[in-house]
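In what comes next, subunit A is part of two complexes: it sits with subunit B in the first one and with subunit C in the second one.
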Partner chain A sequence: PSRPPAGATSVLAGLYGPAEVKGSRELPDRAALEVLLRPKVGLPGVMERSREQLLRGTCEAVVLGGLHPRSAITLVLQVLSDGGSLLSCCLNAACLALLDSGVPLSALFCGVTCALGADGTVILDPTTRQEQDARAILTFAIDSAERKVLAASSKGSCSVEEMQQCLAAAQRAADTIFGFYRDCVRRKYSKS
Partner chain B sequence: CACAAMAAAAECVGQVVLPGDVLLLPAHPDEDAERLRLSSGAAPRARLLCGPGLRRCEAGLLVTKCGLLRHRQAGGGAAAAGGAYWVDSQQKRYVPVKGDHVIGIVTAKAGDLFKLDVGGSEQASLSYLAFEGATKRNRPNVQVVGDLIYGQFLVANKDMEPEMVCIDSSGRSSGMGIIGQDGFLFKVSLGLIRKLLAPKCAIIQELSELYPFELVLGMNGRIWVKAKTVQQTLIIVNILEACEYMTAEQRKQALAKLSGN
Partner chain C sequence: KENCRPDGRELGEFRATTHCLSSGSITTADGSALVKLGNTTVICGVKAELAAPAADSANKGYIVPNVELPSLCSTKFRSGPPGEEAQAASQFIADVIENSQMIAKEDLCIVSGKLAWVLYCDIICLDYDGNILDASAFALLAALKNVQLPSVTINEETGLSEVNLKQKNPLIIRKHPVATSFAVFDDTLLIVDPTAEEEDLATGTVTIVTDDEGKLCSVHKPGGSPLTGAKLQDCITRAVTRQKEVKKLIDKVTKSIKPK
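After this line comes the complex of A and B, so read on.
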């Protein structure tokens, strides 16, 4: 399990697999990927389910499932604290868990949240307070190979130009996050 | 050409690589990578072996697991193959590979087959005839639930159920078969197993100076230990488990403390 620091938001991620799969969920040509997101309090609701689907789509885009047919890969995310930018924190935790576990990947991904203020200013990785004051909140999952968008989620209203602006800012910020991944892995392998 | 061709990927050897990194191999004059050169002329083409953690793509090699990039130059003269690249990664989950020696736990008997749990995504099958000296009349004495078997994979690929055997290609058991009574089975990461299996491993040598013990290492991360008393067995188990996180000095200190008292 891996836990990235992102201000006051933290998510614990655990990845299990490739493991045995129950009969009905078995896919003949690739691994069956499942994501479970558990909120800090209460039972998982509709918001968790929709986030699970977004995470699942992002992970399926990078995992080389064809190397492990008829097996199951399960990713479990537990929200420990939420101080804003929760979805991008979940995306980063998911990628680090995939990286740590040794599942074959074709690329890495990261999550960046942008908050669009009333006057058009873009704030990256907003806190809960900044998210509440914002006109729109956009979360992008960016891949490491060509900085393409793997997933996008938006809340609120913004124009197309503003969305492009946020996307450009997110792609630039993605470089910092990928640099952080590389440092994490370097530290892990420097101990041996 | 054969030796200089590895320079681009060779820069990353010994460094950490992440999935999505592409290791460039310089383009060869002959674009078709599969055809063998029949005529003499320029330096012979280097045949590159793509090991675990790497896959071929158009530009070169695509890294699929994070870890340290390793390279081994194949033996021979100028006409040798270009060597092998692979990624040394640490993981706990085992994926069956043909030829690997593993420790399996018997879970069921289905007709003439035993079903073994090897820690992968599927259970492996083992025929009762795949033991040394086994015939239809002389069956091996395997208790169904919980027996430990040390064997190697005959068939292990992503599309088929893995099959194990306890004899090698000449029909001899060469150390494989049912693991005896008592002893202790525990699981470690695959990286530690590879370290312990390296020739002249310092950990094993230091431990053997402490107490005499029997040790079976399975490539699936499972280790079976048996020493004279239960206490000695547990001490060895604790040291092996802690070896993953201890440096060499810490290990020497721990062993010195144990052999002192």
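After this line comes the complex of A and C, so read on.
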């Protein structure tokens, strides 16, 4: 399991698989991916289901499931603390867990959250306070191959130009995050 | 044939959208609407109840949406607790209401700190042929436009609320958010308003919600094939056009109802 620190937000991700799959979930041509998101407090609700769907869709787009047919890959995310930008923290944790486990991937992805202030300024990786004050919050999952948008989720309303500005900022920020992934992997293999 | 879909539509063409209003399809509900997007049939019923506002927002009412995909609408769904798709759809509708501010919760407050309306919006799919998000959002908007809330006063002496069923007021709908969904095929092909068959074969979906002023209320892309910013922009442009068409349709139907 891998855990990236992102300010005061931390998510623990554990990946299990490719492993045995229960009868009904078995897919004949690829791996069946399942994502479970556990909030810090309380039982998972509708919001967690919606986020699980987004995370699953993002992972399915990069995992080469065709190499492991009739098996199950389960990703479990536990929220340890939430200081803002939770969804992008989950996305980053998910990708690092996939990297750490050695599941074959076609590309990496990272999550970036942008908050739009009342005056139109873009803040990346906002804290909870900044999120509350923002007019709109956009989270993008950016892929490593061509910096395309794998997933998007938004809160609040904004103009189309503002959305494009946030997307451009997120794509630039993705470079920093992918650099961080590279460092993590380098450190892991340089010890052994 | 090139650029043609199994049902004969073009890539950017919507299915025939009909919206049956009359005096509301569900007579026991405070507001209701039945919407058909081709074969996809969704009915929304709004029930208004009274409750005390929350302690931290004493002047706000509540809107509680719930999307149900019962086993009768498609063989995909089993009876029992709501599956992931229904829950994700419910969350999506809740986000649309919140992001677009289509109803100001302050308008639902009757007496600050004591009494407010709770609008329970039940969206039920009767026939599932793809594009449930668009149909649900449209049904919700149409039902809310149809809602007539009785006027409520608090009796000074008894402190109890008195509901006057003879005097009804419509809800104030500030914005008209409309959802437009696209199915993505392998990073290049985008088709609008997918049927169930097209959705199953697609490698991803995108849903854009726009409001009257062309502002984005929601960009909903739950994973799937990656898209460039330019492709996303094409989707948004199409969504803005769609919003105008749907708004015209709703206005036409609302005008055609004889006032009660």
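The rule is simple: the second predicted complex is superposed on the first by the 192 of 192 C-alpha atoms of A that agree within 3 Å, B and C clash if a C-alpha of one lies under 4 Å from a C-alpha of the other, contacts with A are read in each partner's own complex, and residues count from 1 in each chain.
The rule is simple: a contact is a pair of C-beta atoms (placed from the backbone, for glycine too) under 8 Å apart; a residue touches a chain by one contact, two chains touch by 3 or more.
The shown structure was predicted, so the numbers you read here are calculated from the model rather than taken from an experiment.
Shared-chain residue A:R186: touches subunit B; no touch with subunit C. In the superposed model, A:P104 lies in contact with subunit B only, and not with subunit C. Applying the stated contact rule after C-alpha superposition, one finds that A:V21 touches subunit B and leaves subunit C untouched. When the two complexes are overlaid on their common chain A, residue A:A169 makes contact with neither subunit B nor subunit C. Of the two partner chains placed by superposition, A:L12 touches none, neither subunit B nor subunit C. Contact with subunit C, but none with subunit B, is seen for A:A152 once the two complexes are overlaid on the shared chain. Residue contacts after overlaying the shared chain place A:R70 against subunit B, while subunit C stays out of touching range.
With the contact threshold set out at the top, residues 143, 145 of subunit A are in contact with subunit B in one structure and with subunit C in the other. Within the complex formed with subunit A, the subunit B residues making contact are 16, 18-20, 53, 55, 62, 64-68, 89-93, 95, 120-123, 158-159, 191, 245.
Here subunit A touches subunit C in the complex through residues 46-47, 49-50, 52-61, 136, 138, 141, 143, 145-146, 148-160, 163-164, 167-168, 171, going by the rule given at the top. Per the touch definition, subunit A reaches subunit B in the complex via residues 17-21, 62, 64, 67-72, 99, 101-102, 104-108, 143-145, 178, 181-182, 185-186, 188-189, 191-192. Against subunit A, in their complex, subunit C makes its touches with residues 84-85, 87-88, 90-92, 94-95, 98-101, 187, 203-204, 206, 211, 214-229, 232-233, 236.
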